[in-house]
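Report on the following structure.
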């Protein structure tokens, strides 16, 4: 049998994401094996482990999965902190860990080891996609981000990518992670941007609760000619986008955007079984499931980790987001992102991201940081 | 005159506008027992609080054996030889009677910061504590929790703690209040013993006139925070201020 | 001899003695008694938390000081190791320097907090520490260049202490550096625990108890309360930092969620209270029980929920994903049923 | 021997400085506003920040008001307050979503009726919840802070989990009623309309609480009961009843706070109330325990301070509250206008 | 004579595992002052607290005004007209003197005439009307505790050592106040160590030892008989 451990934060604040991720993984395995849940006659067994969103527990769970349960491959987790704690375990046990959907760059960067692969996007991919979507000659952009690694790295990557498009950054605003009142930040941004001429945008990088876009929009940035922009988000969060029709940005996934057989199957099956569309982490989970089956088939079994790694290096496979490819250098999956514009549509109580254009993987110059 | 142990000089405290102790200058000598009397709220306890440091003085000074201690904290004053028992019982309620006294002796012997020795191996503390408990007749209750003692016994323990400290200046604030008639003499005898030690001085706040008559060498009267009289017992008791403001009409004539 | 080691503080209950012995034996022989990585990890975690909880008991149970900043000190020790190991490279010198620096930083910080805020009312002190601890957690995430931010730090410890160091077999178990590492954790925790036990039973410990009871009177019999409290805070902070260092050595990862979060603070509180405040042995019982529950409650619930699958509603409530709710209920029930902690309860039974 | 003095204690005159000292906390808000003006320098920015800071302060006050009763007066450290805030928000938002037609219409009357119903429903549910909470969880631990912390944190976890069970684990996003969307601009300063509503609700609540506590003995009974419950009963009061009543009121106010806060955030999560707890405790502490006036001033100070500091130096915004609390406790160890002495 | 306002029959009370009251029988006649005397620790305070309901009687009956109150909650007994001055005074130290007094009135605001009367007896309370009660002197707290119990008309007063810490002048005004109360028809059960007060005020007396009432009779009889005093309380009270 082939044992796959899904080590992820089933309980805790990200419960909802975790559930999506797990459903996605299962659907991926199902699709790839044609519903048999077997690869070359070997049964696939999925072992679930709850990290409780705590790095130490996540680490212990992964040790248990590799050490006691003898899992061949592990998938997870949701939180970057937990993921980073887990990375050395994979190296120690010499087994493959597919990171999905934790986003920190350093997972495939400074803290990377050869046993780590990631199907999820990383922060840079997000930021660079947005830069490609928003940038352009003569555009001036201010950024608003949370004051911690995710926010700062995101802005740094965004800024770097923006230079190539000819746009410029006028102001970077960082606020504490749990900020709820954005008046001061907005005032600072308005003051800075008020003097600038030409096309002006405010790019918001925000993770977790809170709704800076809505709050700042209510302060009427159009008085200063400023347009708000931000990346895509999970379905529930798109409600906040309803107040911002016409807003542009880049997103990782929205179920109506990708056009390919895998996504068609995913959307149809998901509606059938759960009466709701698939979301970010369903797509991500599925991509990891598909990658596993593909890799095991290619390596001819899951026992030999070295063979698996060889097989996965540079491997390209089909996912709900189209073709993905593990980059040989840092094992990060290269993938398509989507430039969208928000529209109000009848029957939907959220702002719908409508595709403006696909940003192919070769359009984004994602830096390699594990050297 | 014998040696002056404690002295207050124009000692004053104000609470808002209320002058609770008003420029009291007075000195206390070795081998002497001074009774402090005065109506309720005259400032007796507050005067004690100023001397022992619970309340900072607004102005004036307190000198202990010539040293100005006005700015020192409560603990430092205690270590220099000022001991105090409280009017309203104030003990360590969920420790045993014995432990209460041991703590006091440990403090006197400066063993509080012994971090790495076992407390129970200090038998000298236990022995000294037992001796004191015998003197106040609490030796049968050493293992009882203080919170379970009846009021009268708590008052006795209060006195035991003070004796355990063995200070130069003893300050008693109504030590026998709430003590039954057969118990009070035990405490009064103890106080008499302390007084007999010519190195110490005793300050005693009391409302019971017979106690004052039998023990005091000298009486000072506080009234509205000010020193209203100071002299030998007979003379002070007869004075107008005491008769009028303090004694009121004798009970039986009502 | 044994009584001396325990500083004369005997368990004072046959059941308690038995339970403590079982725990001691299990922890001492964990690598050989139990199979697999999970139990060993659990055992190490139990050792570390016993120490951490005991250091908190010194403060809370004996000193009567409610502080929410204990994880902060724990974190300082852990980050000490992490930073030393990242910057000095793997090696025992880094471990020594890291734990020393961590403990020192903890003492200095405790001294500052202590002298400044032990003067305010107890309940305000608690709230100040809560606010300071949450601010420190945020600062750690903001200064990500040094601390690794939310994501934390991964680093290497001396090879001797990792499973890469294979040292042959003993009693049918493969002995590796990991087991060596475990015994480092175990021995250090045991020694420090005995030291704490000595401190609470010293004259100093008695003064702390007196201060907890009635600080006003303690001052009046000549004890400088602020100093005693500050020293207690510093001692407890230093021990917590050392526990943090051990945790960092064991885990080889340090992040805000593992060392600084308010959740851990609450876990510590619960362990102290379940075990029994002001008893030290309570720390042993509380930490062991809680860590076992935290590790195995979910598995247990999983099997319980499967076993009751036929019934209505019950399997839903027993769903492993609802384990947090049961943890909350555990919080409430333990305070209900063990108002004086398990140790207190066991001793009462003997008394009556 | 001196002559008999008169029978009155000596009262010296109280200096002007001492008398002013009592009024100082009330002056802090205007002083801070003026200081802010000079520090910021741009009138329109200053106006925006001041007005929104005051409004934010009002919302914090609404959330802290219940805690002033339960923590300040009754001396119960109730982390469950955070859960009540969340429950209030979920109930209120569910009502608003159910009344989608009313909230979607551009009629002030319909919108406000919907909000009113949401508030009533939220307060009823959290009040009832508070009643159960008091009976089951808090009652055995009056007077024991540590146990209160554990037990109420346990309650907090359970309630948050139950929210997950009832409403699912997702955050719920929603939109405010039509007429409360957007902002009004005045002299170059934009001000969210919703904040005006918060100011109104806050003011009404402040006045109502003050009246109730001034005109009735309830506050006295609770304060006396915390110090010496048996004595209060021995005077003839049914202390349990009063405690339960006050606890219910405190929980219901948390529910109100939850609805107001949820409407502000436009997204609600089970953990939203828990997140506010540190801030809410800070407000209750700097105000002085048990003081509605103190909590009010404290909340306004916090709101203003956050905005000013975030504008002037965002890095410091994080510590501004702690700095404020520290400064106030150094100045007044019992908080600004304590009604109850902290132990 | 009418039936007594209060009577205890074979009342036993346990505190924790200790058996403190071991069958107390006691009667308080209407309109009289009954003294409850005895050495430290014999159970006087426990008796009062049992009547008030702060300790629950394990067995036996407490009849108040013809009604069995043994199982009533504390507050119901108070509202039934029992006023209580506890041994530790039970002052609410965070509240002002005025607020303490206001709490003394369960059924309405403080009556103006009543206030005048109380402030006449205890002028210090008037001086510190708006101050925090915790800051009062020991004797002032004692006065406040007594005045608070009298803030409203009650039928029966249970008073535990009211004169401890009071200056002689105040002792006599307090005694006068108690007499006036009695004059208004109230009954009083008074625990006292100060024998001259007991003698001056008491109509009847009950002496306790070891958790039982061992002697009851008129106060005058006890006051005159030194041998009896010696036997009951270990010491002649005059000697002190």
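The chains carry the letters A, B, C, D and E, assigned in the order they are written, with residues numbered from 1 in each.
Quick note on the criterion: a residue touches a chain if its C-beta (ideal position, glycine included) is under 8 Å from a C-beta of that chain, and two chains touch if they have at least 3 such contacts.
Quantities reported herein were computed from a predicted structural model and do not represent experimental measurements.
**Student:** Can you list every chain that touches chain B and also touches chain D?
**Tutor:** Both chain B and chain D are touched by C, E, going by the contact rule given at the top.
**Student:** For chain D, which other chain has the most distant CA centre?
**Tutor:** The most distant chain relative to chain D turns out to be B.
**Student:** Centroid of chain A to centroid of chain D, CA atoms only: how many Å?
**Tutor:** 38
**Student:** How many angstrom lie between the CA centroids of chain C and chain E, rounded to a whole number?
**Tutor:** 52
**Student:** How many angstrom between the C-alpha centroids of chain C and chain B?
**Tutor:** One centre to the other, that is 45 Å.
**Student:** Just the number, please: Cα centre separation of chain A and chain E in whole Å.
**Tutor:** Centre separation, chain A to chain E: 76 Å.
**Student:** Check each residue of chain B and list the ones that touch at least two other chains.
**Tutor:** Residue numbers touching two or more other chains: 41, 245.
**Student:** Indicate the residues of chain C shared as contacts by at least two other chains.
**Tutor:** Each of 138, 142, 322, 324 in chain C touches at least two other chains.
**Student:** What residues on chain C touch chain B, complex-wise?
**Tutor:** 4, 7-8, 198-199, 201-207, 209-210, 213-214, 216-225, 228, 231
**Student:** Help me check something: in the complex, which residues belonging to chain E touch chain B?
**Tutor:** 15-16, 18, 38-41, 45, 87-88, 124, 128, 135-140, 142-143, 161, 164-173, 175-176, 179, 193, 195-197, 200, 233-235, 237, 239-240
**Student:** Residues of chain B touching chain C in their complex?
**Tutor:** 52, 54, 73-76, 78-79, 84, 86, 90-95, 99, 102-104, 106-108, 111-122, 161, 165
**Student:** Hey, which residues of chain C end up touching chain D in the complex?
**Tutor:** 60, 66, 119-124, 126-128, 130-132, 134-135, 138-139, 142, 266, 269-270, 273, 277, 322, 324-325, 327-332, 334-336, 339
**Student:** Chain E touches which residues of chain D in the complex?
**Tutor:** For chain D paired with chain E, touching residues are 7-9, 217, 220-221, 223-224, 227-228, 230-239, 340-341.
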